[in-house]
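There are two complexes below, and they share chain A, which is joined by chain B in the first and by chain C in the second.
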Partner chain A sequence: MKNGRFATVCTILFAIFMLAPIVVVIAVSFTPEGYLEFPPSGISLRWYRAILDNPDFIDAFIMSLKLGLVSATIATVLTVPAALAIGRGSFRGREALQALFLSPLTVPTVVLGISFLRFLSMLGANGTFIGLALCHAVIIIPFVLRLVLASVIGMDPSIEKAAVSLGAKPGTVFRRVTLPAITPGVVGGFVLAFITSFDELTVSIFIVNPSTTTLPVRLFSHIAQTTDPLVASVSTIAILFTVAVMLFVDRLYGLDRLLIGEGKR
Partner chain B sequence: MAYLELDSLTKAFGHTLAVDHFSLNVERGEFVSLLGPSGCGKTTTLQMIAGFEEPTSGTIHLNGRDLSGVPARERGLGIVFQTYALFPHMTVSENVSFGLEMRSIRRRERKARIARALDLVHLSPFASRYPRQLSGGQRQRVALARALVIEPELLLLDEPLSNLDAKLREEMQLELRRIQQEAGVTTLLVTHDQNEAMALSDRIAVMQAGHLVQEAAPFEAYENPSNVFASTFLGKSNSIECRIENGAIVTTAGVRLDCPAGAAHTGAALAALRPERISFVDPGEAILSGTVTERVFLGDQWLFKIDTPIGELLVTRRNAGRSEPDTGSTVHLAWQAEHLRILATGDAA
Partner chain C sequence: MNPFLLSAPALVLFAIMMVVPLVMTFILSFNSFGFYTGIEMTLGLHNYIDVLTDSYFYEIFGRTFAIALATTIICAIIGTPQAYFLTRMRPFWRSVMVLVTLGPLLISVVVRTLGWAILLGNNGVINNALMGLGLTNSPFRMMYTSGGIVVALVHVMVPFMVLAVWAALQRQDPATQSAAESLGAKPWTVFRRVVLPQAMPGVLSGSLIVFSLSASAFATPSLIGGRRVKVVATTVYDEFLNTLNWPLGAAIAVILLVAVLVIMISWNRIVERRFAGVFQ
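What follows is the complex of A and B.
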């Protein structure tokens, strides 16, 4: 379908609105000057070299990466069985279970942060990596559930019956039929969860300690002290990393299919 | 003992009996259809044979083996589902291979059997395609190959052609019959489509509200329906409300009609008359006259609705290229008394 002129203008304005801040950040990161300058007066890699002089940023990047992978894994492992039960079962409390899994979306993140801080302190797990990973898992479970659930509901339940009739044991049915059939949703949920965790600031700021500082927390505290273009160069690398992950998943499964739902089959 | 024997099979969901003391025998190599409208219990019966539903009571014997308590995966049946239920992430040959792998059949033999099965359904060139790259009819045949490659003791077909368009459905009917006979496999088909049941089966079992209403060869079931339901479900039929008095039919409108010889019934009844058995005749030979209220051209035949003293009658006439009476014209109708079927009223068969 062809868009009208008004729709085209709106689309372009919207794209500019979405992309402008990112373009500004990337442009600023190449400035040779010692302050945030836009448009930059020249092109220099000075602030990229500066990252190497600040190894705590690299440590924080690696911490965020590990945290994203571990928390997305925890969330996915917990959510897949739940999504299968919610998507196909008809038992009492099904709706309640779904609401429970989606509830982290409805609680303000800052409230979650304070609660997690209190909770982890009570357990004596404050500032630990595993404590942080579990808190992130709670925040990202709704994203995983939504995508996995969409896959489960889109799956023809009789393929499992077909596998059983051909002689497959329950474990085999799950491994060779059910799981591959919902893989697009599982991978999509995992990636979205990873990116959400990688970006998470509000909750993390309450529960990290110096040894578990994540990249967003490190950036935030850097900005609180000075405003040099180092934050721009670090952000640019984080943006490129996220784009690379998205492109990889797109090549693998097609983002439209994962995030919007089944397209043509 | 028959090859497949369903004995008094009953399934209750809460207080409703989906299947009610249903008994049926199927001989080895036979093609039998369970025919009925949706909700008649035919699918539940299939699910019980497949092992996906536990019967409330009654037994299923296959080839002398009692299937009670045998889990679905150990029954060794080939099932073709209404949605085909192909594994979307596997190619055609991987789909067909699945059942063989579950039986730990060696790679070399597996390859040979997959090739034979794909050849049987004429899909050899499509072995490495994915289901989404196939047409509806091709998916249907993959499902068939996947079910047949395990050399099942029984092939169960659950409305296998209902997702295909009309033309393809007719082609697949012939194809399905050929494949079934080549494979020589005992087959039970569940369908709501009377044409499909008649075209494919050696025998039809008509089901209504969980009961077996009639069990007969297609021609026999069509010619001699056992009750009103069977007569209207298998093809079109005019049902004339009447009483049988002293060997004659008296319709509710008071018209007397000749009774077929040998009708022992007396009292309230329905006289069933197939639309194609009524002919247009000269006024002198007519049993009844009426007015054409509707006329529909169906290509190979004409369908008339005719208003007569005994109510509205459906008449079909083969299209022989001549002009036919138009709406509003008066026509004179006749039939032979032996084409009337006298059926008891009420549900009792």
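What follows is the complex of A and C.
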């Protein structure tokens, strides 16, 4: 089956619509002027040099990186055993357990944000890195769960039985049989969780303090105040970073599978 | 191993870090707030009465749901045919379009919204192009309007619609389309009479996702709408971080949560009754 001319025109217009805001940000970042200008009147790296004079953006980038790695690690370590339980068994409460772990997708993010703020400030832990990392872990667990669950359900249970019947201990079965079989889902889930945490704004904006400000929060507050091309150059670096992660994932796991996991809310 | 033992670590995290905070927010919404005294541990419905009797909040809730509805309808109109075209593409172009459609989801909403702010401004790309072509003399105001928010939100949400419809269409038998074509149906007739009915479950589940995410969106309405065009999420933000009236902000948030849940559950009921056969 092939698409007609009308479909091709629609697809091209749709692609322009999807890419326009991203292309514009990248183009604007190369302006030599002091304001957001499109198309840029020349090509200059002025606003990339400006990033070096604004170390708070670099600090925020490093903070987002650390936060993404720590929260994705917490989420993955906690979710893999839960996914094994949910994916295998038919026990009472299985559906409820799955619904609970997917619920952060249903609750409006702003509601989660204020709830974390209220809870952490009661504990006096507002703005701490560990508080931030645990909150992020909660909101990225659904993404890990879905990808790991897909791997667990797709796995042939008889290979574990074979290992047990050959005398392997439970720990050995997990390490040598189960884990390798679900690795694609675990890696995909980890990466998706990392990216989600790295991009997260609505929860973070409530619970960061000046020393734990993440990149999206830093960008947001900068854009809300002024719009100089600095935000465009920082955004371009964030886009390039995402593209690099995507290329890496494509090699490792297949980008299509990760994207479809992201799209399924 | 016992499934609950395996889930225990994640369960503990959810109990402490999600259930407890949500319950605390619910309680907070019944507390009162004094300008000098801060949060007072009283219990009463006054915050809810304040919100539900003030036309200012009705306007904000009305605007939020109108924006979410408009976004959902436009996403369905754009996303449904796009998902259909996707099923008919050659594998190479399909991979390209999957990347173009879903790739932006991996880029921060803040960055994507910045792009829209550059495109939509009075001195922005679209207005300069329109004026350069002589189509309009004065700039068409899109920043700080609900319309501008809808345009940027459609960009954020349409991937979810395309994916939901695409998933529904993958379950259909392509032979039904070929049969219609061989019987002489024109492409539009095939789409309307054969494809659309089979895509409908996807359109409906996609609409639900798009609507609930749009109704609670924060970054896009905040950056495109500015201070003038407030929605529920930005109002909650202002109550918490500017006015510092947390109990009132919590009440608004609880109303948003309940409204979204009620809409989701009733929508699911309607869809399940209407399309009971399709989901079996």
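By our rule, the second predicted complex is superposed on the first by the 253 of 265 C-alpha atoms of A that agree within 3 Å, B and C clash if a C-alpha of one lies under 4 Å from a C-alpha of the other, contacts with A are read in each partner's own complex, and residues count from 1 in each chain.
Methods note: a residue touches a chain if its C-beta (ideal position, glycine included) is under 8 Å from a C-beta of that chain, and two chains touch if they have at least 3 such contacts.
As the structure is a computational prediction, the values presented were derived from the model and not from experiment.
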{"item": "Clash-or-fit label for the pair chain B, chain C on chain A", "value": "fit"}
{"item": "First, second, both or neither for A:42, with chain B first and chain C second", "value": "neither"}
{"item": "Vertex chain A angle, Cα centres of chain C and chain B, expressed to the nearest 10 degrees", "value": "100"}
{"item": "Which of chain B and chain C A:34 touches, first, second, both or neither", "value": "neither"}
{"item": "Touched partner set for A:114, first chain B, second chain C, both or neither", "value": "second"}
{"item": "Chain B versus chain C as contact partner of A:232, first or second or both or neither", "value": "second"}
{"item": "Partner, of chain C and chain B, that touches more residues belonging to chain A", "value": "C"}
{"item": "Which superposed partner A:135 touches (first chain B, second chain C, both, neither)", "value": "second"}
{"item": "Touched partner set for A:180, first chain B, second chain C, both or neither", "value": "first"}
{"item": "First (chain B), second (chain C), both or neither touched by A:220", "value": "second"}
{"item": "Superposed arrangement (fit on chain A Cα atoms) - minimum chain B/chain C Cα distance in Å", "value": "14"}
{"item": "Those residues of chain A which chain B touches in one complex and chain C touches in the other", "value": "264-265"}
{"item": "Chain B residues within the chain A interface of the complex", "value": "50-52, 72-79, 81-83, 85-89, 98-99, 102-103, 132, 146, 150"}
{"item": "Of chain A, residues touching chain C in the complex", "value": "1-4, 6-7, 10-11, 14-15, 17-25, 28, 36, 38, 74, 77-79, 81-82, 84-86, 88-89, 91, 93-94, 97, 100-101, 103-104, 106-112, 114-119, 122, 134-135, 137-138, 141, 170, 195, 198-199, 201-202, 205-206, 215-216, 219-220, 223-224, 227, 231-232, 235, 238-239, 242, 245-246, 255-256, 259-260, 262-265"}
{"item": "Sites on chain A touched by chain B in the complex", "value": "156, 158-159, 161-169, 172, 176-177, 180-181, 183, 264-265"}
{"item": "Residues of chain C defined as touching chain A within the complex", "value": "1, 3-4, 6-7, 9-11, 13-14, 17-18, 20-22, 24-25, 28, 78, 81-82, 85, 88-90, 95, 97-119, 124-125, 128, 152, 155, 158-160, 162-163, 174, 177-178, 187, 209, 212-213, 215-216, 218-219, 222-223, 232-233, 236-237, 240-241, 246, 249-250, 253-254, 256-257, 260-261, 264"}
